[in-house]
């Protein structure tokens, strides 16, 4: 079948205030293809797709859809016309039923009386439920009930609801924006199935992901963006990991990506310990010991309890039974954990690890108040600035000045600020939940090296991650969790592969 | 089947529990003092008037508070709308129904205006509502040169207070409100915006008209409240410097009660029952001739205790601090 | 970047500019209508001081993104109890301490109640409002003539001068600025206001901070109570009744974001308080009737706050 | 940016509009000040003329600013007074009357007086009584004349301040007059053989003396009419009754001899419960008359509609009361007449012009003044016609001008003739 162009983006520009997000970007998406988009954070991939899908408008350039000029008014409008996007962050409304989410913004369709499109029409709830359930069944998500309150679903199922919300319109073009990072294998498989079906039906898919392997498996062609510019487009046969990576960061990758050695040795002193802790379905008589100078990797599906484990280790969640011991004594909560030199970088960075509406300075300083405050009370601007500046320099945070608001930083730099906040105060034990989530390769590498250095300095690190590669790459000891239990423990070894892990996750 | 019955039973129990309890306690207290709760017709009227006006106020307050919009101005809207309608009707010698209609219309317009100001200046609603409250109070004062409006002698208008009329108001108010919010596109989009502002907007739901409509509806409701308050004595007293916000506070207890009952049945019905509960309390105060300062303290205690109870189930925080947490997340 | 930065900078100054403009207007109109300007300024200072002090303390609560509507009532109660105590002890010092003590206790009660039963503080203050109002009536009834509690005017007359009041205000403001900008507490409060979730995960206890905030505002309320006794030693059931709302208005008018957080600033309270008084003084010169006067006030209020914040407008409606 | 300016513009316009309507509406208040001024330049000699021959030494050419202190901007009385001052006096005399906002407490009073001083007011006429002593001290301190227009000072207050140079004096119903007002009101019905009363206590819970004395008057009348052994809570005379009310902070219901107080409501809570109390009191079985120490018909009017319960009030002559009387909802009104504040104005004005009126022994005066009592719609209307007139009010300029030169004796006798007939007789 002829690979006709369905979506054409021509010389698009987009700027946010002073920063240029897109600079003269042109892409062609063909029918029967899965078009991959890849690039570091802030490279502009999400911006392109959000413009195509009508979430925001471009400042310059044109777009064409099926040969016609394409100027979407809203996502809903675009979807009606055949371009739908599954967004990166949560795209469902918690407070309403699944069905209402699926038909969000067009409940008006279900009239009791009155004509189609009549404004403030009444809504026929029964009918809506029926259609919604049918839609759920067709993509194989029958376990979700249409009348269920969305809040009661887990991350994964909410994503599925979103997918239904899009697919019910059977779009000509489907955009999948980093959705998979949030999903377990099952979820991913559902998405892959959908993408492939669309491909067979001679429709088009735009697929964005950080996961190089994933994207190389799925896509037929792959466009690399950097700093808002198109760098290069590879077709399937040209795919080559190294090349793609270099074109992404724009330079040869120096030195090791993960750590080089494979000796999983560490101190024998137990610094942090969980003793038969129970917490709902998140932890079931759970036991874990973390030693001095050890990197412990925790892997599993997104809701296997490992994220809760992170909070428990930091004292932010109290287990219903059992205990958390730090250097042998009971841990009494966050403040106490900080006294004991524990640091915690949460998965939901923007909400849990940073105050976006505050400056870099505030965010770093707040972690170290007891470090630079005189008598742990008096804050002298001079001392504070010195402290903060040191962290910014050590981690080479890219920013105009320390008083710049964090909200203006890229994902990678945000994470650097978080690291600065915890490392700055000399944390001995770091609990890092998805430390490299949404962080681009360049920064990733730097962070891996940093972690390794810290291990060498005798600090202990717990990496909780959904990216198995980095766990295998970094951990001295690797734990696979499922349903709040430890399913398997791997020592560090060269031979360990992702598939070894996966079988214990599912 | 059995479990189903159980559920239904549980629902009915949960729904009725609070007002029933309130009724019993009030009854006991009164009979302890040898007072009959409902003696004169006046008592009945008081009860239903309180229920009606409090219910509507609760609707008006909760409707915006649920979406994190705190509105100090509802009191002033009811004041001004009643002033407008009363002045018109007394000067033109119009009867009750037109006055009610004018009140509603005026209220709606006033509500819409404050909604418009809100969407235009895009300031936190709490600030806007402060300004609007001052403005409307001032306007009401200016219109009447401070005299307020008095039509005590106008038996046509002052004949409105009657159990039947108030019951009708309650029924219509409830039905219309339920219809608007549970069975229309507007209602569904409202719900979506409440809990998922960002997503809803990205999906293409228009927030601005929705918000304006919310304020308009709240205004209309307060128009009715203003009408009720005006016709009960045939006088409208002026208030300045936020004198009008008092009305708002009558709605908090019923709102929380409603929020609680909302688990077992439609939340709006919950609000009605909440209003009825407070109406019982007011009636008791009147019957037992309770001193004003005691009333205030007792009411406050009831509020706090109820909240303390609720909070163990973690419902209210959501309701009230919605605004604050939302801010943190979205900004 | 530059230009937007400058804009933001100006936005932040708007309240200050507002004050300046009002001040100029006062001077000009004043000279035109040849009023007694110097006396006017003095009286403006001494009229604003109570609201200014209370509002300054209240900033700590607003910084947490929460707010307290019982401040006026608690000022009244502290003043009344202070008055009663003075009439018993005849000592101004004791009176002052009692005022502060009572106010702090009320604040503590609010916040502790809130944190023990983890209620939203705002709700407890609603309840507190009516309790305190009732308390006012009771106090006057049992300890006064029934219509008032009066501290002998002679006792406080010596203190009733602008310099003294300004000194008190200045000291308190400096204290607050110190706590707010030069101590751990202030930093934690701002951060907490900015993002409670993250603050919790940075070892900041919301409850502790709330309690501290309410204590600070308590001190402000106490001083406010003391100053209102000095200003008008006869206390009636309506004493300080307007303070509660005036404080909210002043704080917002002064450019304090209601959501609290990093943009919070102490001086907002003072600026706001003085601006509002200036404004009403100017109204008097136009000799408007109360209604119109209030309408104009409202319009200017919205306008100034709008200009002060028009740096931060989003795609979504604020909440 | 453009949007920003646009918004700024709209906002600015909004303010202009306001200012505009402000100007328009306030004309009534404001322009008079001006017109008074202009009037004086041109026909102002009118004001001069009558003055000229009469009082050569009074220089009325300069506009005198006088501050009016009001604790209540909305009651019928307050508004009637305001109309008389702004619509009549201010037009007739070369004065600018600056009204304070509604004052809530002593602090408000102090602030308002400060404002007056700032605006170079030569004198203050006070309708606000949270802290009279403080007001007097404040004015004396800065040499501004001060007069009390409602109520009077207490004995020892008077003793303290009568000597003050800038304390002009007080004209208003003394507490004993208030007592009589209540007494006569009750008596009016007792004489008709009414036995069953209910009392509305107004501000008694807040211990407003004026209201307490009125209530005491009512109760004392009942005691006198209640036959032998009649007493109120054991009290049998004015002193006793007053003491009792001050002790309770309310009026107790119960039998006074063969007269009954069937119901009592106090305060102005204005909430559901309170209105409930009012309604149920109005509907008490075999109640005949509701005696209100203040405005009664507004709160009980609707409740008694259709019944033959009567309401008696104390307030002022406002149109709404006329309607209420026509409709039989108000039966008896002891009302201040708006012009009653004419003399105190003259006294203050004179003081401001440099010729204050002092008593024989050179002290500030303290004169009492009572109410016009209307017990029928006809009476009411006759009174109201005069009272509400802005062209020929009860005290016209001509009558008042005589006071500009009058000595204390003349002044006193003028004030003491306050009944409707007497005034019409002048």
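A few remarks follow.
Letters A, B, C and D name the chains as they come in the text, with residue numbers starting at 1 for each one.
Basically, a contact is a pair of C-beta atoms (placed from the backbone, for glycine too) under 8 Å apart; a residue touches a chain by one contact, two chains touch by 3 or more.
Source: prediction; values computed, not measured.
Listed by label, the chains that touch chain A and also chain B are C. The chain with its Cα centre farthest from the Cα centre of chain B is A. Counted by C-beta pairs in contact, the busier of C-D and A-C is C-D.
Chain centres here are Cα averages; for chain C and chain D they lie 35 Å apart. Distance between chain centres (mean CA atoms), chain A to chain D: 73 Å.
Between the Cα centres of chain A and chain C there is a gap of 44 Å. Centroid to centroid, with C-alpha atoms defining each point, chain B and chain C lie 29 Å apart.
Residue positions of chain D with contacts to 2 or more other chains are 7, 11, 21, 25, 73, 101-102, 205. Counting only residues that touch two or more partner chains, chain A has 351, 356-357. Among all residues of chain B, those that touch two or more other chains are 121, 142, 145-146, 240-241, 292, 295, 328, 331.
In terms of inter-chain touching, the protein chains here follow a pattern that is not a line, ring, star or complete graph.
Listed by chain label, the pairs that touch are A-B, A-C, B-C, B-D, C-D. Across the complex, chain A is touched by residues 1, 4, 181-188, 190-191, 194-195, 197-205, 261-263 of chain C. If you check the complex, the residues on chain D that touch chain B are 7, 10-11, 21, 25, 73-74, 76, 79, 101-102, 205, 267, 269-277, 279-280, 282-283, 297-299, 301-303, 305, 318, 320, 323-324, 326-327, 329. Interface residues of chain B facing chain C in the complex, by the touch rule stated above, are 67-69, 117-119, 121-128, 130-135, 137-143, 145-146, 197-198, 201, 207-208, 211, 240-242, 245, 249, 252, 292-297, 299-301, 303-304, 307-308, 311, 316-317, 320-328, 330-331. Residues of chain C touching chain B in their complex: 65-66, 113, 117-120, 122-124, 126-131, 133-135, 137-138, 194-197, 242, 245, 248-249, 252, 257-259, 289-299, 301-302, 305-306, 309, 313-319. By the touch rule above, chain A contacts chain B in their complex via residues 54-55, 73-77, 87, 90-96, 100, 104-105, 107-108, 112, 119-123, 125, 151, 351, 356-357, 407.
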